[in-house]
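Next come two complexes built around chain A: one with chain B, the other with chain C.
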Partner chain A sequence: MQPNYFAVFREFARNSLVREMTFRGNFILDCISSLSWVFMQLGLYLVIFEHTNQLGDGTGWSRWPFFVFLATTLFVNSLVQFFFMTNMEELSDLIRTGNLDFALLKPIDTQFLLSMRKFEWSSLANLVFAAILLGVALTHLDFTPTPLQMLLYVFYVMCGVALLYSLMIGLGSISVWLGRNESLYDFWFYITNFSRYPMEIYSGPFGTPLRLAFTFAVPILLVANVPARLMAWPLASQDWRLAAYAAVASIVALVASRKVFYKALDAYRSASS
Partner chain B sequence: MSTAAATFVSRFGVWWTILRICIEERLVYRGDFALGTLMRFLPIITQTFLWTAVFVGAGGPAAIGGFTRDEFIAYYLLTYVARAFSSMPGLASSIAAQVRSGEIKKYLVQPIDLLTFLFLSRLAHKLVYYAVATAPFALVFYICRGYFHGWPDAPTLGAFVLSLMMSFLLGFFLEATLGMIGFWFLEVSSLLFVYMLFNFFFSGHMFPLTILSEPWRTIVLYQPLQYLAYFPAAVFLGKVQGPELVQGLLGQAAWTFAFIVAARTAMHFGLKRYSAFGG
Partner chain C sequence: MPVVEIEGLTKSYRVYQKNEGLLAAVRGLFHRQYRTVDAVRGIDLTVEQGEFVAFLGPNGAGKTTTLKLLSGVIHPSGGTAHVMGYVPWKREHAYRRRFALVMGQKNQLWWDLPAQESFRLHQQIYRIDATDFDRTRDELTELLQVRQLLGRPVRELSLGERMKMELIAALLHSPEVLFLDEPTIGLDVVAQHNIQQFLKHYQEVRQITILLTSHYMKDVAALCRRAVIIAQGRIMYDGSLAGIVDRFSGHKVVTLAFADDAELPNLARFGTVVEARAPKVKLRVDRPKVAEMLAAVLSQHVVSDVSVEDPPLEEVIADMFQSAEASLATADA
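== the complex of A and B ==
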């Protein structure tokens, strides 16, 4: 019998919410601390835009379009954090302790089960803040985004989530082979650090290869750049080839990472008795 | 040998033993340590591109907040050096945790002073850190040597070293003071998180503090956190000179002394409050 995936998904969401609400004070502190990091980022860019009108020469990333970009980064990252982060952090523990056995035995898709067991509700605070920031930034743009842009934006934010998720599950798979992967989280942080800036800043003899590598080899630059451009600039000045490529890359990344993940599971040898 | 001298020799023996044990403990994971240090420099790459874009976007000004583009990159690299001295990961939280768990009792019944022990253990930690991290630091600085205009003159270098030493002391006693708050409140982790955020922002780790507009600029140059990253880096780059430099070093010494007193006082009154149960 096929499990009802939607019902399981709802149950996971409910369980994690119940768990978080058991320690409400802690939940509020978590919200505040993740928001504080965001405020610091915002503070940095407020300072930066006191000294310059835009990032780079003729890139179009002036203050308000850039805040659209910042909001987009926040959207994608908080969604990834909400759905997957806790689960991926636990994955390497499950492998090391042998508790992955229990996940493999359950009559449900293993990737689904391991990716979505726990939701981190406190990261929604950042999502709300991102929505406010986006709203404010949009009113300051010198054009009004069309409904088509809004639709594409939502679609490409989801593509961004898919790309980051694929990278994450790919890294998670590595921990099956290594048995243990403690610096996984560090590596994740440093790699995604590159995706938090407009791709135009990577120029010059060193920057251009970097930009190409992070667009085509490990496409993390597409994560925030593609949706942000679609929203921050008028439709007439869009690079549709990049957008089309991003959609294809997201699908390829999802399929490929699923393949890698199942290959890794084949290599799993239980650690328990 | 007089009794005073004998006491000193035996006390020094204890210090030496503590230091040696802590160093050996630290050296266990040196490979992971060196790699981790190298990885920590990765954000420098994005910072370089970001600030280049800021300078280009601003139409290529000579300097922002008194720093040229090259000096911005040099500044970020130097804050890594400063923070290698001043950052004390886990110090405050471990003091608070020891108070909570009652582990702090062992310092009360043994002839070892808590602050001295922690200080020596931190010193050992740092010494090992420098021994292992010198290679990755040297590599990164060698690659980025183009951003520096040679070495500063001897007095500047001397002032730089002095301010690094003091930033180690200031960082240690500031965090220790925060840890002592654990005597009054059971849970200090959220307080420490707020401190960490403030530290990141106001120590100048995110950007040189002088790029802030007035009145913020004047305000942040009065607070102690600037000595943990901004001040040593600015000294090395020759941004603080003459009477200003002397004033800065005196300011740092004053804050360091204030937090030594604060940590001692907090421990004194904290231990009076403290009650231990069980074995």
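== the complex of A and C ==
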């Protein structure tokens, strides 16, 4: 008998919500702090666009298309934060303390169990903000997406989430071999910083190698760039190739990170009780 | 067919050998020295359905490691093990559904939530039918007398109450095999007794197979007929609790109370005097010499009371661990 994943998922969501509500003050502070970070980001770009019309000559990333991009980044990041962030933060600790033992006893997919145990409900505040920002930006662009475009947008946002999650669990799994691993998790933050900007800005002698590395080796540039393009302007033909590649890269990343994760579980040595 | 079958099971770890001091720590960054720790060194064991078996052994003997191997938490370095026909470290859902592991020093319940929320989560993970779930939960909370605590956050429970909740969480899916790793550690005498009584009752009623590790002889004496003694990763003894004393203790403890308490006779020639406080003398006497010694003493002195006892089980086992350690140290050297 297979476990009912949806019912377990619902129970995780419910328990996380009950838990966050127990510490109401903490929950409100979390909402405020993540929203204020978003406002700071928005403020920074508003200032930048006071000084320039576009991010890079001829890139097409003027104020409103860029705000579509920013909203997309926020969508992806808040979804990653909502589903995975707390769990991945805890993974290294579970491995070090041996509390991973319990996860290995349960008749359910271990990756699912460890990835979705706790939801960070406060990050939904950012999601709502992203939706508003996207709506405002699209109105200024005078663009109404067709249902197909909307579906594709959702699909590519999910691909972006999958790419960031894969990188996160892949890095987290390495804890099994290292015993303790905090820096690799920080590394995730450093590296994903690059995904927050349009790929066109990575040009020239320094930018091009970065663009190639973050498109093909660690494809985090696809995270926001592909879905944002779908909304910011009608896709040019070369963008379809990028979109197809993004879909394939997401699947490959998910499969590869799952393999690393299970390899790590085989090497898990627990901790003395 | 046996429920647990283990053959030649081994588990070794490679551990980083740390030396003391800052300089050694810096050196360790570049050149690491490792040593191999053999936690389990070739265990053979068979456990039949419905047995309640105690694993006894000093810290680091390999008891917990064996339970972790049987739960599939870790992979062995060698040997085979089957539990209900499953190879534990293959981690099949079908196996995971049929056993449970409780660890006295770790908790699996959500810390900030009432235990009942964790129970509900278990219901979904194990796909326990709603009626069965309610019945089992009510039965277990009743037996362990924690019904009124179900709605209290786990972090507000006492250690004993938390352990009871851990047991309930582990038993909700009615496992056929239960691994208990020091379930009464750190508990006060009353809480220990409650948990012992519960386990005894539960095992008798359900006839499940239980493997228990514990440092408390009282746990073991109250619950298990069969004891497996592990020291240095090897099985030293497998049999009845009473048999341990017969086999490993070559002496008896004889206590004599003399009627004339003016002067105690010198009994050193019969054995080792443990305590001499007039009018009583307590001494350890080799088993074959007990009868001869009693006859000699009774014929020469007026004795008001005599008792001949086996040495305490803890003492016998402690002696056995020490000799195992010594023999291993000699073998290693």
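Keep this in mind: the second predicted complex is superposed on the first by the 265 of 273 C-alpha atoms of A that agree within 3 Å, B and C clash if a C-alpha of one lies under 4 Å from a C-alpha of the other, contacts with A are read in each partner's own complex, and residues count from 1 in each chain.
One rule holds in what follows: a residue touches a chain if its C-beta (ideal position, glycine included) is under 8 Å from a C-beta of that chain, and two chains touch if they have at least 3 such contacts.
Since this is a predicted model, take the numbers as computed values, not measurements.
With both structures placed on the common chain, the touch criterion links A:Val136 to neither chain B nor chain C.
In the superposed model, A:Val128 makes contact with neither chain B nor chain C.
By the touch criterion stated above, A:Glu200 is placed in contact with chain B alone, chain C being left untouched.
In the overlay built on the shared chain, the residue A:Leu105 is in contact with chain C alone; chain B does not reach it. By the document's definition of touching, neither partner reaches A:Met21: not chain B, not chain C. With both structures placed on the common chain, the touch criterion links A:Trp37 to chain B but leaves chain C unconnected.
Of the two partner chains placed by the overlay, neither chain B nor chain C lies in contact with A:Val255. Within chain A, not a single residue is touched by chain B in the first complex and by chain C in the second. By the touch criterion stated above, chain C contacts chain A in their complex at residues 13, 60, 64, 68, 71-75, 91, 93-94, 96-97, 100-101, 103-106, 108, 110, 112-113, 117-118, 120-121, 124-127, 153, 181-182. Residues of chain A that touch chain B in their complex: 29, 32-33, 36-37, 40, 43-44, 47-48, 50-57, 59, 61, 183, 186-187, 190, 193-194, 196-198, 200-204, 207, 210. Of all the residues in chain B, the ones that touch chain A in their complex are 32, 35-36, 39, 42-43, 45-46, 49-50, 52-58, 61, 64-65, 190, 193-194, 197, 200-201, 206-207, 211-213. Chain contact summary for the complex, chain A toward chain C: residues 1-4, 7-8, 10-12, 14-15, 18-19, 22-23, 98-99, 101-102, 104-108, 110, 113, 266, 268-270, 272-273.
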